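First comes the structure, then the notes that go with it.
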Amino acid sequence: MAAFTGLAEAIAGNVRDGDVVALEGFTHLIPYAAGHEIIRQGRRDLTLVRMTPDVLYDQMIGAGCARRLVFSWGGNPGVGSLHRFREAVEHQWPVPLELEEHSHAGMAARYVAGASGLPFGVLRGYVGTDLPAHTSTIAPITCPFTGEVLTAVPALRPDVGIIHAQQADREGNVGLWGIQGVQKEVVLASARSIVTVEEIVDTLDPRVTVTLPSWVVTDIVHVPRGARPSYAHGYYERDNDFYQSWEAISRDRDACTEWLALHVLQAADFAEHLALVDQEAPA
Amino acid sequence: MTQIIEATQVPLDGVTTDEIMTVVAARELRDGVVCFVGIGLPSTAANLARLTHAPAAVLIYESGTIGAKPTRPPLSIGDGELAETADAVVSVPEIFSYWLQAGRVDVGFLGAAQVDRFGNINTTVVGDYEHPRVRLPGAGGAPEIAASAKRTFIMLRQTPRTFVEHLDFRTSVGHAEGGDSRARLGMTGAGPQVVITDIGVMRPDATGELVLSALHPGRTVAEAIAATGWPLRVADDLAVTEPPSQAELLVLRALTSRP
Amino acid sequence: MAAFTGLAEAIAGNVRDGDVVALEGFTHLIPYAAGHEIIRQGRRDLTLVRMTPDVLYDQMIGAGCARRLVFSWGGNPGVGSLHRFREAVEHQWPVPLELEEHSHAGMAARYVAGASGLPFGVLRGYVGTDLPAHTSTIAPITCPFTGEVLTAVPALRPDVGIIHAQQADREGNVGLWGIQGVQKEVVLASARSIVTVEEIVDTLDPRVTVTLPSWVVTDIVHVPRGARPSYAHGYYERDNDFYQSWEAISRDRDACTEWLALHVLQAADFAEHLALVDQEAPA
Amino acid sequence: MTQIIEATQVPLDGVTTDEIMTVVAARELRDGVVCFVGIGLPSTAANLARLTHAPAAVLIYESGTIGAKPTRPPLSIGDGELAETADAVVSVPEIFSYWLQAGRVDVGFLGAAQVDRFGNINTTVVGDYEHPRVRLPGAGGAPEIAASAKRTFIMLRQTPRTFVEHLDFRTSVGHAEGGDSRARLGMTGAGPQVVITDIGVMRPDATGELVLSALHPGRTVAEAIAATGWPLRVADDLAVTEPPSQAELLVLRALTSRP
């Protein structure tokens, strides 16, 4: 059974220095509140896993939480580069960042294998590209029936999987709808899991398309707007203005450090962070 | 929404290079096409096609939305409107396995930081992989779109830094080393069929090498050659792109100006 | 785009003697009307594929449609044996029936591989059992990362996949809800597909959890109660009495042949069949 | 619904063998257990447990229903009530991959036509595979339940034809050839922990061999030995099954008598 707890307790109880941590969300339902709490608690040497590291991982990398990144596409969607990610890779600042680089199809197959209790997944992928020369977790595999050579990738099994979702009921069953991404897979593939939710309800909404039963989730935390500036379908929209403003904030090392200090480290919790960004938002 | 497009000539003054690239790309999409759409110009082009001559085009976004009908170009691949307007929303693993890998996508759009003469693509790094001059976003869905979509379209601005003799990193395979080298890799799709740039349009010849096949109005062969890092071949029947019609521009601008 | 057509045309147009045909339904949404039409059209030498061949396949086997069965569990759920299946295997009547026998997990992995465009699927299964000695479509496969030996099974790619669903909209998008079984996978794995539906609607019901876009379906046929004596969640319940009565009908070769003649072959269509069984049903 | 069960003795007259098997099986299920349930007695036993001492038991049916709470024993594995009362309904491929294979099931129930001394199971054929005397339904979910559930429970009536020295076909693996032979097959689950028959209860010893550990009231060791096709060993501390309590029988009969 999932435990209902506070965010600081959930992060302190589940995320340790050196852990493999996946905060997932395919544009939708990205667990910003949980990521900020990891920054606030000063976690270090994390291996961060995510298909689409975007602004949240840029913040965590800029804050020095990460030693290694397992990913398939790192950018600010529709805006441009992730400057903290780039600076870590191009200039080893604030710390060097090792990369384990895959494609989306490969990362998805890796999560599916992890959720399925298989050591590897199979796909038609990577063949003819330079990825296998730089990523050791890509290997050929031969179909025993046709002789065709395909590609194998090892299962992802993070220590902690973290997602945001719209709802949990009082028994701790988690429900989400809209773009699903790999939200189910990351929870099922991980040894421990944290789900932040918009709302705790008596009965899950009929719109729910993905349900995670209470007994597969470790901790549930009620964090309204916990995905902002990402969005929660049916609750609030994506704050595209913030994603665009991150371009300027993140370009400069010191400006970004200052932003993180003011908006994350010095905020007591995510509610205080939200109050601050709301106040700063263009009217 | 079907519209009759009249081939009205409009002055090219005031038509941006993004607009001409988008219009040319949209025209390449036939009605009913199943299109795996990336964010940015490809998404705009696919939606322009859907709103003009190809009302039955099926737009698939890698976020898992099948048959999305956004009213404005989404900023990100996973905007809520994509899910709201889709015929079906599936998980990301499913979109790559049951839909893309299974060969159900007719056209996959790809962007690129670098492209070579065989339509191979780099979206990973500029410079050395371990010590890159510029770290790019990486592969995303591209390697498998390039492998499994029945055809791919590539859109990017043409400069000697983007159209290169040698890629710094091959992220996605086009026609490989040309000839039958792509087929020998076991790929189910046919690879790049068209590259749309701000200068013109390239199409592969029988060996898979990209050949300049059309110039946009006002552009020259010399410009195209100068903007290409390999000795660019020019088609004997080099065409000039039909300028965007008034109807195309009206729909495109309505689409991109929505709040 | 799916074509809307009649059932006789859909079967005649898609199902040929010797084809590999999968009529799926995991207790729910079993396409009885389509199966009866195959019997009525006298198809022969079919390879029938199904995870859970039950009474419908017993009828098709008893009618002599099948030469080969690819399956994982053949029984009348909660009732007992399939007597026509048993007689075909034990006494080669009316024709010998070759078996290609798997487990549920293996068949599911085979459908997933078929739907995914992969030549094979991987699972933890079959190891230590006698199945690999009798089924050639089971092979060991080694994880290239851990060295662990798992099991591979080849993709299922039927010539025709047939399911029943609750609804199609007027564009031919198919929607179903309740127990999903492998309904989506069999359509996506097959070269051609037929979907019979309870209802054609302007807009799919919000309860729909699985949508098959029009362009992946070959033919759609409106057949109300087309899954009876199976059920269609939200429309009608399973006719458990009929499943129990099949035990007696099917025990005797001649009684079954007579039942098929009267209730299937001599019925002009499924509506006439339904009228007959309704009339015979206990009040 | 939690009920306090008083160990009231009721006369065994009128208690059917199905009832005693079901009650004994239900008692083996702890509260909160995640149970992969087959149709028939296992489903009834799991629901009896859920309605008495194990209200938080999670019932998973192979049709894809997770946390089903049927009010009556379903006739088939895919009855509509399972979906209506479930916490989640997933596809059949998902139930086998994300749930069973991933090791999320605590207890898998198995029936059998034949079982051997190591709890290996036959549900495929009686006689030769190519020319069977009796063709049985086949494997269904059993081989992978036997492999991947953390523990399995087996329920079947005990006769010399069902408890055999040599299986005609090994459909599902129990403790294989005993000793560490099961572990060497790479199975993640621990295999059969209890076999519940109409005569008594068997449990594996350290080598995996099934040993008679309890007799139901009124049954004898001689009966158990006579109904077993191999030389059955008897536990030193052979117990007698606690008869079904009045509360257990009331709930069980209410459950099975629902229309």
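The letters A, B, C and D name the chains in turn, as written, and every chain counts its residues from 1.
By definition in this document, contacts are C-beta pairs under 8 Å (C-beta built on N, C-alpha and C of every residue); 3 or more make two chains touch, one makes a residue touch a chain.
For clarity, every value in this text was computed on a predicted model and none was experimentally measured.
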item: Chains contacting each of chain C and chain D, listed by label; value: A
item: Shortest path length from chain B to chain D (each step joins two touching chains); value: 2
item: Of A-B and B-C, pair with higher C-beta contact tally; value: A-B
item: Centroid spacing, where centroids are CA-atom means, of chain A and chain D in whole angstrom; value: 41
item: Geometric centre distance via CA averages, chain B-chain A, whole Å; value: 28
item: Shared interface positions of chain D, touching two or more other chains; value: 97, 101, 148, 188
item: For chain A, residues contacting two or more additional chains; value: 112, 117-118, 123-124, 148, 184-185, 209
item: Chain-chain contacts as defined at top; value: A-B, A-C, A-D, B-C, C-D
item: Complex interface listing, chain A residues touching chain D; value: 1, 112, 115-118, 173, 184-185, 188, 211-213, 215-216
item: Chain B-facing residues of chain A, complex; value: 26-28, 51-52, 71-75, 77-79, 81-82, 85-86, 89-90, 101-105, 108-109, 111-112, 123-131, 134, 148-149, 178-182, 184-185, 209-210, 231, 233, 237-238, 240, 243
item: Contact footprint of chain C on chain A as seen in their complex; value: 117-124, 137, 139-141, 143-146, 148, 150, 152, 154, 206-207, 209
item: Chain B residues within the chain C interface of the complex; value: 32, 34, 56, 58, 66-67, 87-88, 97-98, 101-104, 148, 188
item: Footprint of chain C on chain D - complex, ascending; value: 39-40, 62-65, 74-80, 82-83, 89-93, 96-97, 100-101, 124, 129, 132-135, 137-144, 147-148, 169-173, 176, 182, 185-188
